[in-house]
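After this come two complexes, each holding chain A, first together with chain B and then together with chain C.
Here is the complex of A and B:
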């Protein structure tokens, strides 16, 4: 009799029962998620905002601001962008700003996470959901240097791969 | 000797059954909590507002005030018995916008703006105060 009960107890707590529970939980969670969750992916919008912010701060009434080529010009400081979120390990943002006079590159500033840029380019080639989203802008700016007016091309690439995080319930 | 044997046998059976029942109760209550939480839309609201505010902050210049209506949160807050004034907060260390519509949980989304942030609730409106740059 005792032996039978022992076998019963072991049966109840068998790993298969937890497997079934996990299946049930997974099924219900999947169903509820599919029903209630809205797809709120703002990474592309965020990248677009970043590009606009850079253009906004480099623009001075249609002209490129004068101090941009100075040695101590800090793009992040001047544009009120928090540099820490770009330079930390596993950063979710990437920013690349370059200014061209024809084919000559006059200015280049890019953040650390080059892999975000690479993944974004790959993500544009194939249809995928989890690759980072980027926004590329190319604008012409007037610039007066030593009394001569030039037309410079400002290229800005911004990439975002941050998905936000749910805070723990407990 | 016989009695000892019986006692040992019953405790052997009772132990696993009690653990089994407790684990099942825990499992189903967690499941129920998850379904109820999802059905109130709390998670969706938290994510929606955190992202909305983060984008607003990123898009705005420093020294700006933005007022927007958050009256659609009132239903969820009433269900969770939570105050509107506690919903929005900013983690300046992590550059995060944190939205909580219940005392536990919440959603955090990062922003890249370097402006100082604070907020105030006036009636059903959130006044988002985007202050001066942290660099200044």
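Here is the complex of A and C:
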């Protein structure tokens, strides 16, 4: 008889127990879904990584790599960057590399989407939400010209409009 | 429901539930527990929503102002600095070679042993008197010791002046550290501690770069900390 009573008690308790379980499980599932469905904006980070990649590619132990000024120097190929994403119609990326000796521009290479650069500049001046993000770097590299060591200024601007997607749950 | 004998009614009819008060208590307990858990879960969801909504959970290293500690940019700056050619006391050498040259006496086996340190980064902890003593024990001839110390002093001062010249930047403040000296690089000299530097730059966005040297089996490092000035024309967008 005592056993039967216990079973009855557990039956009543199990409803609440079920509610609690459902609440905890549902809450965790909803929390995870909310967290992973949030937008991730990697544009600025991506631009920064791009600039660093170009610098690392042009840098040879503090010196500017020797073949930069050769006519057949392909920045994208040498730096192992996929040129297609820069040159396609409606490209989401822009890259501009220029090398100066004082005020003299010795080298310039930029991709097609100049509008990305313009929008990024506007986005830095005023508060915008969906404008592309850019990263600008200016570093001095050593260069030996006619036996004399010089310091050249290498300016790199990378713009990204690839906002990214939500992380897939599955 | 108590019968005449004071026994619960469930005794006569076993299907009836006897301990109602106990069950009521348990149910109330669970209702309270449910309410508490419900609010905890609500708090959790609000927290997750706030994190996901603000994007703070996905904030990567801040690239704003191109300054973050231990970045590649800082390392490149130090490499360029150390590979820069200078005229060092009549010789055309790089700053790296000038640093090695200034340290050359201390990298000698006998002097190093007398210094009683395991690596040359600890040289700063050795007092001037102890250094002098180590040189005297190694060179025997006092006149030679004076010569060596004078030469080293000259090299150190020249190195300081070169660094002041090279690290003059209107947008960045630098802190240089090598076994011989350390300090904030200012237009008038190199001096002060790292805390003075932190106090001066007033930012945590400091690029730290380190270059390790190994001369004659003795190791030491050169460190350069740089930080971009806050505000002003250096940060104009």
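As a convention for this text, the second predicted complex is superposed on the first by the 125 of 170 C-alpha atoms of A that agree within 3 Å, B and C clash if a C-alpha of one lies under 4 Å from a C-alpha of the other, contacts with A are read in each partner's own complex, and residues count from 1 in each chain.
To be clear about the criterion, contacts are C-beta pairs under 8 Å (C-beta built on N, C-alpha and C of every residue); 3 or more make two chains touch, one makes a residue touch a chain.
Everything quoted here is computed from the prediction, not taken from an experiment.
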item	value
Touched partner set for A:76, first chain B, second chain C, both or neither	first
Touched partner set for A:45, first chain B, second chain C, both or neither	both
Partner chain(s) touched by A:29 [first = chain B, second = chain C, both, neither]	first
Touched partner set for A:20, first chain B, second chain C, both or neither	second
Which superposed partner A:125 touches (first chain B, second chain C, both, neither)	second
First (chain B), second (chain C), both or neither touched by A:84	first
Touching partner for A:55 - first (chain B), second (chain C), both, neither	second
On chain A, positions contacted by chain B and by chain C	1, 5, 8-9, 12-13, 35, 37-38, 40, 42, 45, 52, 56
Residues of chain B that touch chain A when the two form their complex	5, 8-9, 12-13, 15-17, 19-20, 24, 27, 31, 34-35, 38-39, 41, 43-44, 46-48, 50-51, 54-55, 58-59, 61-62, 95, 98, 100, 104-115, 133-135
Contact set on chain C toward chain A in their complex	10-11, 14-15, 17-19, 22-23, 26-27, 30-31, 33-34, 37-38, 41, 44-45, 48-49, 51-53, 55, 57-58, 60-61, 63-64, 66, 71-73, 76-77, 79-80, 82-85, 237
Contact footprint of chain C on chain A as seen in their complex	1, 4-5, 8-9, 12-13, 16-17, 19-20, 23-24, 27, 30-31, 34-35, 37-42, 44-45, 47-48, 52, 55-56, 59, 61-63, 121, 124-125, 135-137, 139-142, 149, 151
Complex contact set, residues of chain A against chain B	1-2, 5-6, 8-10, 12-13, 21, 25, 28-29, 32-33, 35-38, 40, 42, 45-46, 49-50, 52-53, 56, 76-77, 80-86, 92-93, 162, 164-170
